[in-house]
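The structures come next, written out as structure tokens.
Two complexes are shown next, each including subunit A; its partner changes from subunit B in the first to subunit C in the second.
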Partner chain A sequence: MTQAEIKLCSLLLQEHFGEIVDKIGTHLIRTGSQPLRAIVHDTGTSLDQVKKALCVLIQHNLVTYQIHKRGVVEYEAHCSRILRILRYPRYIYTAKTLYSDTGELIVEELLLNGKMTMSAVVKKVADRLTETMEDGKTMDYSEVSSTFCRLADTHFVQRCPLVPDPPESADAQPPPPAPTLSINEKDMYLVPKLNLVGKGKRRRSSDDDAAGEPRPKRPKQTAESKEPIPDDGIYWQADLDRFHQHFRDQSIVSAVANRMDQTSSEIVRTMLRMSEITTSSCAPFTQPLSSNEIFRSLPVGYNISKQVLDQYLTLLADDPLEFVGKSGDSGGGMYVINLHKALASLAMATLESIVQERFGSRCARIFRLVLRKKHLEQKQVEDFAMIPAKEAKDMLYKLLSENLISLQEIPKTPDHAPSRTFYLYTVNSLSAARMLLRRCYKSIANLIERRQFETKENKRLLEKSQRVEAILASMQATGAEEAQLQEIEEMITAPERQQLEGLKRNVNKLDASEIQVDETIFVLESYTESTMKRA
Partner chain B sequence: MAGNKGRGRASFTFNIEAIGFARGEKLPDVVLKPPPLYPDTDYKPVPLKAGEAEEYMLALKQEFRATMKRTPYFMDTEEEKQEIERYSKRYLKNYKEDDLEWIPDWRRLPREMMPRKKLEWLWPSCYYKLVNESNLYQDLEKKGDEEKSDEETDEKEGGKGKRKDNDDDDDDEAADEQEEYDEEEQEEENDYINSYFDNGDDFGAESDDNMDEATY
Partner chain C sequence: MAEVKVKAQPPDADPVEIENRIIELCHQFPHGITDQVIQNEMPHIEAQQRAMAINRLLSMGQLDLLRSNTGLLYRIKESQNTGKMKGSDNQEKLVYQIIEDAGNKGIWSRDIRYKSNLPLTEINKILKNLESKKLIKAVKSVAASKKKVYMLYNLQPDRSVTGGAWYSDQDFESEFVEVLNQQCFKFLQSKAETARESKQNPMIQRNSSFASSHEVWKYICELGISKVELSMEDIETILNTLIYDGKVEMTIIAAKEGTVGSVDGHMKLYRAVSPIIQPTGLVRAPCGLCPVFDDCHEGGEISPSNCIYMTEWLEF
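The block that comes next holds the complex of A and B.
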């Protein structure tokens, strides 16, 4: 864990959960797992606040606990999970593209609340959708829950580990200080059946609303409050790894589309979709698929003959990028997608483009050269790159000092005398990727700080505009005259308005940059993770 | 450093021409200060990607951040409370506090997470007795039982600053939670040492000195 990551985590916690949670969370990241007393003592925060902060962090899956010897419960924060907050907009947007507005709201609610029961999610989402609909229309619970089931079927949401049922003879020994949560892998995506029974009743209540006037925002359900929740204790969370798998597949597909053509990308997409659930998200290869299977699974209306498909597959397998590999000849040829290779290619393309944009195309040429040839002596770099020796040296040293290129000494004699030593330049792609990853974290932290600074500088103005808007809204609600409204609107002067617009533009730009830097983080992180798993 | 003076090129053990300095060329000055905070960049950054997806994600991000601030999960320091309520703030208020309260599922959390306000009233008067009286334990239990029914609702409402008595969908959950909560509470009350310590923390929360004393 680097300082840059800790700093970024701290900023994210502060922005989303407030100062106190930030303090506790950052303390936990710095110190590793800690018992409650130690946290209270070391942070100098009151016990109640620490407890609540920990509850919040646990609720959002950012902190886990474990019972240690002598019954002490220790809490541990997960830095990498906290950094995922940056990607929340992308998860929500993905859910929207796959499962429209309902899917979007389901994932958004799950991310907002960390974990929720299915009934609570369905209720909340139906309420929110109903609010946006025209008067007299309502969203049916059944519709929302069917979208929820589809999300569970495609593994985008999963069950949280459950609390084990308390044994009957509980009074014999005292209960443990903390429950041990566990889940059977088979049940991970099992939508509770119980819910279907409870759904009918709720649907009736929404039907009633549909018949009468539009439902109030939060209908008071006195009758229902007594009845037990059908899926009590079964909590759901968004499966971020599954989302990552989806992002990865999408970037592989678009990379193939850029390299070859639309048809080949469609074939790769089909292969990825076929192995979506059978292949674990961290496997280096997909399961082997025969060309016959692929042919059958191609989307309907995609008119290519078996022969053309085979030609495409051969082409893809011959491509030097090796996204697709041939693993056997049975069944008309067995093909796999080399996921690790694909991620590595994507990461290398990212590295190259970063070098190009930061140091210019000639530096990028040297970088690519060293990357392809693995090890090169300085003289060779100068010659192969076809750049004047003096400039080439300059660029090479610049890349070396930025840690993008590393230097390997190979002495001819044991005394390491420079005159009798080979100096080989090489690109250590893993460490270069890690270094850039740290830079990305640092940049996002800087972006957030800048955004906070901008907002703070204009705090008074922002508050004023908020207040004016609030007054306007309430006046409109009470039916004020046009002239009155205009008068209030003019409370914000023209220069102030201009300043507000400028601020908004800056904040938008900073926010958009955060999201886009995170895309780079995703590519680099997938690469480092996949490389680590192979090693 | 002083030993090196005047020796010039001879101090290098390798052929300096190999790294790009011609014979007789001046070496660059030694850098004694950190690089500037905002160094000049040779190349301007490329513009951000723009498009429908990017704009939607931007809106989602800003909305998510704003919504998080209104959830009960957001714990801010209390300093923002103002002595005099501004008239115009009144308009902002209902906009801000329309979210539901949050009752954690205590079954999923370690037992020590549960707030134990119930015994707080016992604390100052019983502190000295605690040390000597062996039958205090029964007292506690009796008192606890008497008070429980009355205190229950009060304590629930007043316990956490953020709680409001909104009529929301969680009502049924709340009822459920309450039962669970009391059950556990009973067990807790048997836990002599723990309650001792916890009350200490609550009591001395205001000053650091007391804090330390209570923790140890």
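The block that comes next holds the complex of A and C.
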């Protein structure tokens, strides 16, 4: 865990869960797995608070526990999982594009609550949707459950590991200090058969005909909800790997669309969709797909003939990008998508783009040149890139000082004399990717800090505007006159209003920027993971 | 009676006659003649007289002495040169010969010293002498600007010394290269555009968006922006820089020997492409481009809270 990662995790925990959780979480990240007593002792917080903090972290899948030898339970924090908090908006947005508002709210609820039972999710989402709908309409539970089932079928949500049923054994073993959770592969996406009947309830603050009745009934309802829910114990969580797979597919499709045309990208999208369930997320190649299968699975709107499809597939396979490869000739031609190569190309394009923006297009030319040719001497770099010697030297040294390019020495003589050694420039892509990843983490930490600073600066103003809004709302509820409302609104002067506007704009900009940097993080992380798995 | 055997000189034993005969023989065999051949021609001349005649011719600079596997060869020297070397001594002739052998690549003064085994001062004097007589000239090498190579006065320096089409007077012509770069790219881009708009089946579309290096070369020649004659290899180096810019991709196809522009049975095709990703997220934040990134931390002189780059960026 680099310093930058730890700082960022600490900021995220503090922002989402508060100071105490932040302290415990950061301590766990720094020190690795620790038993409960050690955490209490080292952080100096009371046992009670530590327990509560750990509960929160475990609920959100940020900390896991394990029984070690001698029966000690140790808790371990997962730094990478904490960093995923940054990506929550992207997950929610993806669910919205695929499954519209219902899907969006389901995923949002699951992400915000860590783990939930299906019935709880359905109920909450229905309530929220009902509030946004027009008067008189309500959201039916069945619609929400069907969306939930679809999410489970496409593996976007999965069951959490459960406590297995204790074996019926004669010898009464003392229960282990911590339960070991396990889940069967088959059961992971199995939706329990629930009979959820009902409609979303609107949270009403004003009197209504129907509201008059439920009010006395309300205490009874809460008592009713104490009865066992049918799917107690079956908790669901969002499957982040599946979302990552989806992002990866999206970036591959857009890369193909940029390089070739729309139809080719649609074909690639079809191929990826067909391999969604069959290929594991870290495989370097998808399963081979025959051209006949692809033809059958093309989206309905696309009526291109079989020959045209074959031509496109041949073009894709021959393209220098090498995203698609031909692996055989049966079934009209078997094609695979080379996932590792695709991720590597995307990561290299990211590196090149960063070099271009930071140092200029001539430096980018030199960088691409050394990337392609692997090892080059200084003179060769000048000749190939057609850049005058002085400038080329300057740029190479600048890239060298930023550690994006490294030198490889090849001595001619055993004494390594500098005048008799070859010095070759080379790019070590993995280490360059890791270095830029660290830079991304620090950038996001900076952006978050700036955002908090901006909010703190204008705290007084924000509080004032909140007070004014509360007064306005209460006066509107009690039916005040237009003139009075006007008076209250004028409590905030025009320049203050402008300042508030500016603040809102800045905070939004910083937020958007965090999400953009997170996209870079995703590409670089996928590349490093994929390379490490292959190595 | 004591007969004094007078060695009757045969009529052509006259030294000048011998020399002339040898010269005639050399003209007959321009590749050179060996001692054996002279002996066969004039069997009545003694070896001593032969050797004297040959030495005289050599010192006069009319014959060249060469060594071959079979022995020594004598070759007639071109008549123009014989005029120049009058008044030069042997050392100068030696140095001149070394420089002449270097052809149009030229030779460095230190190499002349190794080959002739003459001391440095002598070499310098001789070189100055020859230069003033306008027999040799010094050309600055483009690779190492301090190094001077010497070659014969009337020879054109080789490309490796002057740098070829991209260098004019030892200066790398960057604007020229830039202009060529942009022109080639525009040509390929427009070709790709027309191919895309033709909307035929994808194979034809793609094949028509390619341009071979020969086509690009013809286009640039016709544009006439270059005062220097450019060869196809020059255009290929320019196209390679476009590949390293990420704007163009290349494929090699096998082509029949006779088709225009094919080299050794294959052709290089180039095509304009667009980048596969948009500029990445990190560079959209000020931190991605910040020059003092490593010095920035909370509570320091440079921190996110008082970052001037962020303030400017937020005001856009």
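Basically, the second predicted complex is superposed on the first by the 498 of 535 C-alpha atoms of A that agree within 3 Å, B and C clash if a C-alpha of one lies under 4 Å from a C-alpha of the other, contacts with A are read in each partner's own complex, and residues count from 1 in each chain.
Keep this in mind: contacts are C-beta pairs under 8 Å (C-beta built on N, C-alpha and C of every residue); 3 or more make two chains touch, one makes a residue touch a chain.
Owing to the predicted nature of the structure, the values given are computational and were not obtained by experimental measurement.
Colleague: Which partner does A:531 contact after superposing on A: first (subunit B), second (subunit C), both, neither?
Modeller: neither
Colleague: Answer with first, second, both or neither: which of subunit B and subunit C does A:509 touch in the superposed model?
Modeller: Both subunit B and subunit C are touched by A:509.
Colleague: Quick one: is A:36 in contact with subunit B, with subunit C, with both, or with neither? Answer first, second, both or neither.
Modeller: first
Colleague: Quick one: classify A:290 as touching subunit B (first), subunit C (second), both or neither.
Modeller: neither
Colleague: Output check: A:389 vs subunit B and subunit C. Expected answer is one of first, second, both, neither. What do you get?
Modeller: Both partners, subunit B and subunit C.
Colleague: Please indicate which partner A:428 is in contact with in the superposed arrangement: first for subunit B, second for subunit C, both, or neither.
Modeller: neither
Colleague: Check whether A:47 is in contact with subunit B, with subunit C, with both or with neither, and answer first, second, both or neither.
Modeller: A:47 sits against subunit B, while subunit C stays out of touch.
Colleague: Decide which partner touches more residues of subunit A, taking subunit B and subunit C as the two options.
Modeller: Touched residues of subunit A are more numerous for B.
Colleague: I'd like to know which partner A:467 touches here: subunit B for first, subunit C for second, both or neither.
Modeller: So A:467 only meets subunit B here.
Colleague: So, does A:380 touch the first partner subunit B, the second partner subunit C, both, or neither?
Modeller: Neither partner.
Colleague: Does any part of subunit A touch subunit B in one structure and subunit C in the other, and if so which residues?
Modeller: 357-358, 389, 509, 513, 515-516
Colleague: What does subunit A use to touch subunit B in their complex?
Modeller: Contact set of subunit A toward subunit B: 15-21, 36-37, 40-41, 44, 46-49, 51-56, 58-60, 65, 73, 88-90, 92-93, 96, 108, 111-114, 120, 123-124, 163, 174-175, 177-179, 181, 218, 220-221, 224-229, 232-233, 235, 357-360, 378, 389-390, 393-394, 397, 417-419, 466-467, 470-471, 473-474, 508-509, 511-516.
Colleague: Where on subunit A does subunit C make contact in their complex?
Modeller: Touch residues, subunit A against subunit C: 251, 254-255, 258-259, 261, 263-264, 308, 311-312, 314-315, 320-321, 345-346, 349-350, 352-354, 356-358, 361, 364-366, 368-369, 372, 379, 384-389, 436, 439-440, 442-443, 445-447, 449-450, 453, 505-506, 509-510, 513, 515-520, 523.
Colleague: Across the complex, what residues on subunit B touch subunit A?
Modeller: Subunit B reaches subunit A through residues 13-15, 18-20, 41-43, 45-46, 48-49, 53-54, 56-58, 60-62, 64-65, 67-69, 71, 73-77, 88-89, 91-92, 95, 100, 102, 104-105, 107-115, 160, 166-169, 171-173, 175-176, 187, 198, 201-202, 205, 208, 211-212, 215.
Colleague: Show me the residue ranges of subunit C that touch subunit A in the complex, using the header's touch definition.
Modeller: It is residues 143, 166, 172, 174, 177, 181, 196, 201-203, 206, 237-238, 240-241, 244-246, 249-251, 273-277, 279-285, 287-289, 293, 296, 298, 303-305, 307, 310, 314 of subunit C that touch subunit A.
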